[in-house]
Each structure stands twice: as structure tokens, then as C-alpha cells.
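Each of the next two complexes has chain A plus one other chain: chain B in the first, chain C in the second.
Our next item is the complex of A and B:
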């Protein structure tokens, strides 16, 4: 904190005031420039994507290139939809959540209960490193572990393993932060009545921290929903609706990638991107409003 | 009493999962890259060639290491003034106002957009714009990728530094004002020196984000496996060569891609640890 090197403020007050105003102008201009891309991106996707959104878009599987081509030639909307991608995304996300959420909450509670121990600190640093691992590396890992050795081929489960490793550190962190906010008196009161430890966790800690935990869970799901690269190496994609976790499965981001690479399907790219973006942003806003509710709830 | 012990044991065993997964990642990456390092030795890292022709197979990671570092650092440089202004706008100039709230939630929106959607926008909007400006013929390349990366990491660079700037004690600022300092002088002589470590840490963590980004860069960098010859030349990054070639790879090529994954893992690990270390040391 080198607050002591403030220069003499006496001379040239006009110049200093001018500089001051100039800088404020610069800050405002650059802040506006920062917002510009988000406005451009969102409006581009809405404008280009809205045309293809109809009922079939949600209930039919993706068309092949020929169907799309003849539809374009006849100036019709492209038939088919992204049902295989939507259901595939659900399948993969549900399986990842089933693995990452229970484990993440348990580990988060463990970290909270064992504050300050050397093992906990080591665990926390490891979790931070795990959080920083690029998703493409997790794709390689899941390919080596699951595709090669467990499902012997590309599969929804392999995708789920990659995404659950992404989710795990986020859930651990949010659980620990949530636990820290629960007043210690509540736990102590429970223990004082002789409540067994597992009941304190299941009946006191998790219900009390429920909104905090769900915020973390929703955020982590919104983070993995748009992941493409690790799924390309694990779930691969599929033109049919698949519910078997040991078989290749499509996902919305995978469909975007396929449509992007096929000149006939370009129109579908935007509607799929619109769908994915609305889905992700809804989760984000939902988790944001949950945590806002929690904050105002505490003030009362 | 014994049921409590069971619960504690269960929690402890769950915690081992993190260690097992992390150790497993390092182990599997290392094991997978053994054939590549056996064939090329440590020269793999500094070899500037990527030739999959069978019989004359040579793989080196240098073009991709260079591509990743150049795009990420350039992205950080582009992002810096934008993120810093936004932080000042939200945490200093218009603190707790409605417009600051709107600005910060808009910036948060950026972190919710999937990488592939950024790639689409970059391909269909940014790339034609680059061509129109006459900066490059195809619009692909280092600069286009860095620009999209810069937009993508703005929320990460902004959120933490905004928090840190908001935390600078009012007493320090008031002391400077009482000496007759203008707001600009308060920012540069009080706020930045006080918050510097946190601001730097948040930019380092944003850099860590940029290093591992895959899809958007893959769609914009041009995917040529050479060291980029200039700002508007094409290139390739570690993440995008893996994404592009992993599907059809086997044998030595697969091992080389895994080795690139290992190097990427190490670089992001170092950068992230550095950021976390600065935060812990100075907060």
C-alpha cells in the first residue's frame, strides 16, 4: 500500500481536472464497448434462430443433409428437430449429476467439518487444480478410462464421466461455502440433543443450506450444458434418440457442431444455439435469483 | 457413537475421490504420452513439425504451444482495458447504482454463453468483419481467435477484480481526497496500489481460462499446424489440435495428442496455481 507517493496536488489544477474528466469518459466508453459483444451475440442468435423454432423442432430427430437440401431448394423450413440432442443432453447431464452431486456435497461437508487440518488444505488445493483442468483434457481422460476400458466404445456414460469431473470441484466449493454460512448454533443445538452425525447432515445441514446448495448445483449444470469438445471425444453423437448410457449419444452442442460443418443445415445451427443459450441462461438466472433470495432472507 | 464414526469414515472416503481422480488424470496422461516421449524424447516439446504421413511420422508440440500462448496472451492484453474499465465502472465510479448492476449482470451473461456459440458468432459475424477491414483474406487466424477469447474471458477477469476494488477501504480514499487529489489520482495512487495483487491474480486466472478454451478457437484459428507467422496468420492451439485430430488418431499420433494434453494440463495448472497463490498470499 504505497499511499505515500501522492505527488504535490497544488499546481496545475485545471490540467488535473481535465485529465480526471477524460479518464471518466474513457472508462464509460470502454465499459460500453464491453457490453457491445453481448448485445451483438444475443441479438444475432435470436434473429437467426427464431425462424426455425417450431413444435417439430423439439420432438423430431435431426434431419439428414439431403432432407435439409431439398427443403432449402423448395424454400421450406428444414424438417426435423433436435430431439435426439435434447434428450441426449438430458441423459448425459442426469448421469453426471447423479455421480457428481452426492460426492461433491459429501466432500464439501468433509472440508467444512475439518477446517484447518493439513489434509483438508491439501484436498482444497487439489480441488482447485481439478477445477482448472481444461475440459478437452477431461475428454482425453474419459476416452482413456471409459471409452477404451469400460463401455468399449463411444458412449453417453463416457461423456457423463468427463462432465462429472468438471462439476465435482464446483459443487465441493459451493457446498463448503454454504456450510460456512450456516450458524454454528444450529449444529450445536442438534448435537446437544444427541442427534447422530448423519442425521445432523441429512436433517439439519442439507435442508438449512438447501438454497445455497441448489445455487451451486444449477450453476455447475449450466457450465457443463454447453460443453462440446469433451463430448466429441466421448459421447460422439447419434442420429437417433438413445436412452442407453453405454451407446453413442447426441447432445445439443454436438448437433450444433454437426450442423455447423454441413452447409445445408446452417439454418438449424442458429435455432439450436438459441435453444442452448436460453437453457443455460435460464439456469443461470434461476440460480442467481435463488442466491439473491437467500441474501435478502438473511437480512430479516 | 459408532454410527458417527461410520458417517465420518464415509465422508473421509468420499474425499479420497478427489485425490484418486486427480492422481488418475496425471497418471493416465503420463502413461498415454510415454510412446511419444520414447520416440521423440524431450525434443517433442521444441519440434516444429507435425507430419502424420506413415513411415515419416514426426510429431512436435511447438506450433501448438506457441499458438496457445500467443492467442491467450493477446486475448488477455485485449481484455485488460475492457475488464479494468468495467471493474472501475461497477466498483468505483457508479458503485451500487442501477446502471452498475445492469452492467455487471450483462457481463455475467457472457460467462453463460457456451464456447461453441461464441465460435458461431465469431465465424459468421466477426470473421466477415475482419475480412471487410482487409486485415486478412479468409478472416481466420490468431487475431480473430484472440478477439473472441478476449470477449470470453472478460467476465472472469472482471468479477474478481471488481470485488477487490470494492474492498479498498474508504478511509484510504478519503485521506487522499482530503489532500486535494482528484478521482483519477485516487484511482492510480490509492486504489490500484492497494488492490494490485488481487487485480493481477484475477487476470492470471482469466489467462488460465483462455489457455484451455477449445471450440471457439478451433472454429476461428484456421487450423494450420505451423508456428503462426504473424498477427493475422493462421495457426493452431493445443486444445484445438486435440479436438480436431483425436477422433481419427491411433498409435503414435494418439500418444502425441495425449502428450500435448499433458503439456496443456501442466501449463494451465501452473498458471492457475500462480493466480491462487497470489490471492492467498496477499488477502
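Our next item is the complex of A and C:
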């Protein structure tokens, strides 16, 4: 191309700059539009919810409708709290984690180690399908399996089964991705010392990928924390604090639903939502900082 | 095929009719016969994809980690068929160092050196462990550099130090044979020189097999050299002879830079 052609390009530079600015403005406007709802939601929840947050909110069980009604009539804060929901959520999450984490990590490692085999491809697509199953369907499944046949009644365990099935695909996928990031040399170094396979997994692969694995686990927990529909069919809810996994148990999202259905307790909807939101946010920030550590912590 | 056996009084490894294929009919390593001289450095040279790494890995059966591998023939270590040995026992006797330094990132320097014992569930007394770590690190001349930071992560060392740490990790098992797969190709010239010095020193205690891309490295430090091409062992002999008077035209072509 001859040098003479270049001025023709430069001629149009004003037009290009205008287009650039227009596009930049559009991007900024759209990003503001995206951030706006988040800011509105968070501020609404904080403003409406903060009034009910006090010490009792964390240590007392949920009030009944009558207590709430008289408190509103006397213009007091509603008595009681969501301790039954908080502890129920912990119970259900711990039991589902105990089932989903070991299975998910093992399946993830299996998928990594057996890339391209027919069975692992089948397993991987099954996992993807599982990820797409609506949570309420998992609730129905757990109702049929566990509520009807194992615990013979609504139970925390049934809720845990439904939620652990929800956790599985996320843990499997994040484990497989984490394993891909571990340099193959590390694996070979372990095998070159005659290390048995199970020790390579337990002593080398899992510790090396620890931050990646925890990120996936925390994200999957934060995803199931807010699940309501499957718990309605399985854990059902409870007004008392329950530690028995074979008995009906409350959970924070279940309480929110119950509070929503009771006109006297609408205020508690906001404060419970605030609690749940902060809890999930903390987990997300924690997993974010773990994955940031993974990126910067490794030399080269 | 050319006669590729080296006559040595005391071969520690004997390769007999060794063929390795990744898929049916496609051989990565074809009909290899060779005796490996004890307490000497044997270099394996050849262009990329000639099967030299596969051959090296066959000596401690690391090649079996690849899927669908088929191995025919035998390798004898001290007259014992390694294919019939347990990999734990074999890999204790045949240590390996890789192309890129690969200390375990979750372990500190001390743990890295004794990793082989830990990972195989071998219980040691504290004093025994200390001895092994100090001896291995001294052998690779790393002891003075790291003796005050033994409990720091191995990944904070420089590349050359990391590679010496990996050699120490292999030596901690007190192996008979040390396999090195292009151990200096990721290192700077000074680190390379240090490792070459180490290897020459190790000859009195260990049998060393070295895969290298670097012909001058092979010429500098090896006693015997193998030249492989397309999975075949084209020429095998004393390094001096091979570099000055190669028998096969392909060896000559490679050594003079016509291909490779």
C-alpha cells in the first residue's frame, strides 16, 4: 500500500472519536442501569430490615402471629427472632455438605483423570443436566425418596438430600477446573516416587488445589442457602429449635416465606432477608478472596 | 538394525526388545536393545518426538501413566524384570527428575525432601529424617543456601534451586538409578552449569540416564550416548566416539545440525 493512502484514514478521525465517545457513554449508561437495581434492593432491605435486628433476633425462636400483632399495636419491635431458622439452616447445610463435598470432589477428580473416556463424558453431561433441574423438582424427588421412605415424615435430612444434589454439579465442575490448573508435573513428581494413587489424591492433589476447591464449595453453599422451594417439600419448617435430622426443621428462607404469609410479621421478612443476604455476601467475598489468593499466591 | 549393545562388565539396566506403542501399530519406541553402564552418565539424544522421553520413562514405568499404552519386551534392573516389580519398589530404586522444577507447592523444603517417605507411609524417627534431609540437600549443594529456611515453601526458591531441591528429593530415597528428563532446559546457564557439575559428581554413586536436547551438554558430561530417531535406537556408544566418528549417517546429520 502506498504512503498516499494514509491521510484518507486520518481524515475521518473526528467521526471516529465521536463514535468512540458515543459507545463509551452507552456502556457507562448500561452499567449504571445494571448497578441501580442492586443498590436499590440492598438499600431497601437494609432500611426496612435493620430496625428488627437486635440480640434477641439471633437467639430467640420466631414469634407467633398474636405476639407480633400486639407488639405492632403497642408500636414496639416484634419480639423473638429467627434462631430456629438460623440453626436449621446450619444443620441442613452441614448435612448436605457432608454428603455433597466428598462425592463431588471424588467425581471431579475422576472426570479430570479420565478425560475423553465415554463414561466420563456421560458423567459430565449428566452433571450438566443435573445443574439444569429446577430446585423444586429436586424437592419432589427428595420427598418421594426420603420423606416417604426413609424418615417417614418431613425432616432436615430430606432437605439436605435435595440441597446436596443441588450442590453436586457445582462442586464437580469446580473440582475438575481446579485439577486442570494443577501442573501435571506435580502429579508426575508424586507418581515418580511410587506414591499410591489414593495418596496422590489425598496428600498432593487436594492440598494443592485447596483454595480452588474451597472456592467451589463456598459458592455452592451460598447458592443453596437461599433455596426455599425444595425445603418446603422436605424440611417443612418448625417453630422450635431442632437438632434432630429426622425431624421437621426450619430454615431462614422458610421463615421468610412464613413471615410473608402473615400480615403481622412483614417486618421480620426484611430483617431475615437482610441476615440471609449478609451471610451469602460474606461467603461470596470469602470465596472471592480465596480465589484471588490462588491467582497471586503461586510463583510463575 | 545396527548392533546397539554396549559391552560393559556390569550393566545395571538391560533393555531387551523393548517396544512401546500408544496406539496399535504406532510405536513410540521400537525394538530397543541396550545395556546401561553402571555408575556412568548415559545421554539419550534425538529430535523431538523420537521417543527418548518415553524410553526414559519406561525405566521407572512412568510411561504407564499415559492411557492405552502397550509395552512389549523387558527391562532388567539388576537382573530383575521391572515389569514384574511393584511400582513402589521400582520407583524407590529408580528416581526421576523432570524438565521443569516441580517441588510440591503445599510442602516446605524439608517436607519436599522427605516427601517420598511420607507419601509411601514409611515411618521415620525425627533424627533419621533430619539426617536424610541434610545428606540429600548437601549432595545437591543446597544445604548451605537453605539450612536457615528449611520450613519455607519450596516454591520460593529460584528455578535452579528448585531443580536441585527436586534432585535432592529423588536422592533422598537413595536410588540406584537417576533418570533426568531434560533437567536443565528450563534453567539459566549458571544453574545449568551447577547441575551439570553435580551430575558428574554423582557418577561415583549413581547410574544416571539423561535425556537432553542439548548436544553440547551430552558431549560435556556423558560417558555414553544413545541417538534415537523415530523410535529407533540408531546409534549407541561411547560419547567421544559418537561425537567424533558417528557410524550412522543419521547420527552424523543430527550432530552436525542437518535436522533435529
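As a convention for this text, the second predicted complex is superposed on the first by the 274 of 300 C-alpha atoms of A that agree within 3 Å, B and C clash if a C-alpha of one lies under 4 Å from a C-alpha of the other, contacts with A are read in each partner's own complex, and residues count from 1 in each chain.
The rule is simple: a contact is a pair of C-beta atoms (placed from the backbone, for glycine too) under 8 Å apart; a residue touches a chain by one contact, two chains touch by 3 or more.
This is a predicted model, so every value here is computed, not measured.
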**OP:** Using the touch definition from the top, say if A:34 reaches chain B (first), chain C (second), both or neither.
**Re:** first
**OP:** Identify the partner contact of A:23: answer first if only chain B is touched, second if only chain C is, both if each is, neither if none is.
**Re:** first
**OP:** Answer with first, second, both or neither: which of chain B and chain C does A:196 touch in the superposed model?
**Re:** both
Original post:
Is A:98 touching the first partner chain B, the second partner chain C, both, or neither of them?
Top reply: neither
**OP:** May I ask you to name which of chain B and chain C touches more residues of chain A?
**Re:** B
Original post:
Of the two partner chains, chain B (first) and chain C (second), which one does A:210 touch, if any: first, second, both, or neither?
Top reply: second
**OP:** Check whether A:132 is in contact with chain B, with chain C, with both or with neither, and answer first, second, both or neither.
**Re:** first
Original post:
Hey, what residues of chain A end up touching chain B and chain C alike?
Top reply: 196
Original post:
Along chain C, where are the residues that touch chain A in the complex?
Top reply: 60, 62, 65, 86-92, 95-96, 98-100, 102-106, 115-116, 118-121, 155-156, 166, 169-170, 173
Original post:
So in the complex, which bits of chain A are touching chain B?
Top reply: 1-3, 5-7, 9-10, 16-17, 19-20, 23-24, 26-31, 33-35, 37-42, 44-45, 103, 106-107, 109-111, 113, 123, 125-141, 143-145, 165, 168-169, 172, 196-198, 201, 222, 225-229, 232-233, 253, 256-257, 260, 269-270, 273, 276-277, 280-281, 284, 288
Subject >> Touch list for chain A against partner chain C, complex >> reply: 183, 185-186, 188-196, 199-200, 203-204, 207-208, 210, 298-299
Subject >> chain A contact footprint on chain B (complex, rising order) >> reply: 3-4, 6-8, 10-12, 14-15, 17-19, 21-22, 24-25, 28-29, 32, 81-83, 85-86, 88-89, 93, 103, 105-110, 112-121, 123-125, 151, 154, 158, 172, 175-176, 179-185, 187, 189-190, 193-194, 208, 211-215, 218-219, 239, 242-243, 246-247, 257-258, 261, 264-265, 268-269, 271-273, 276
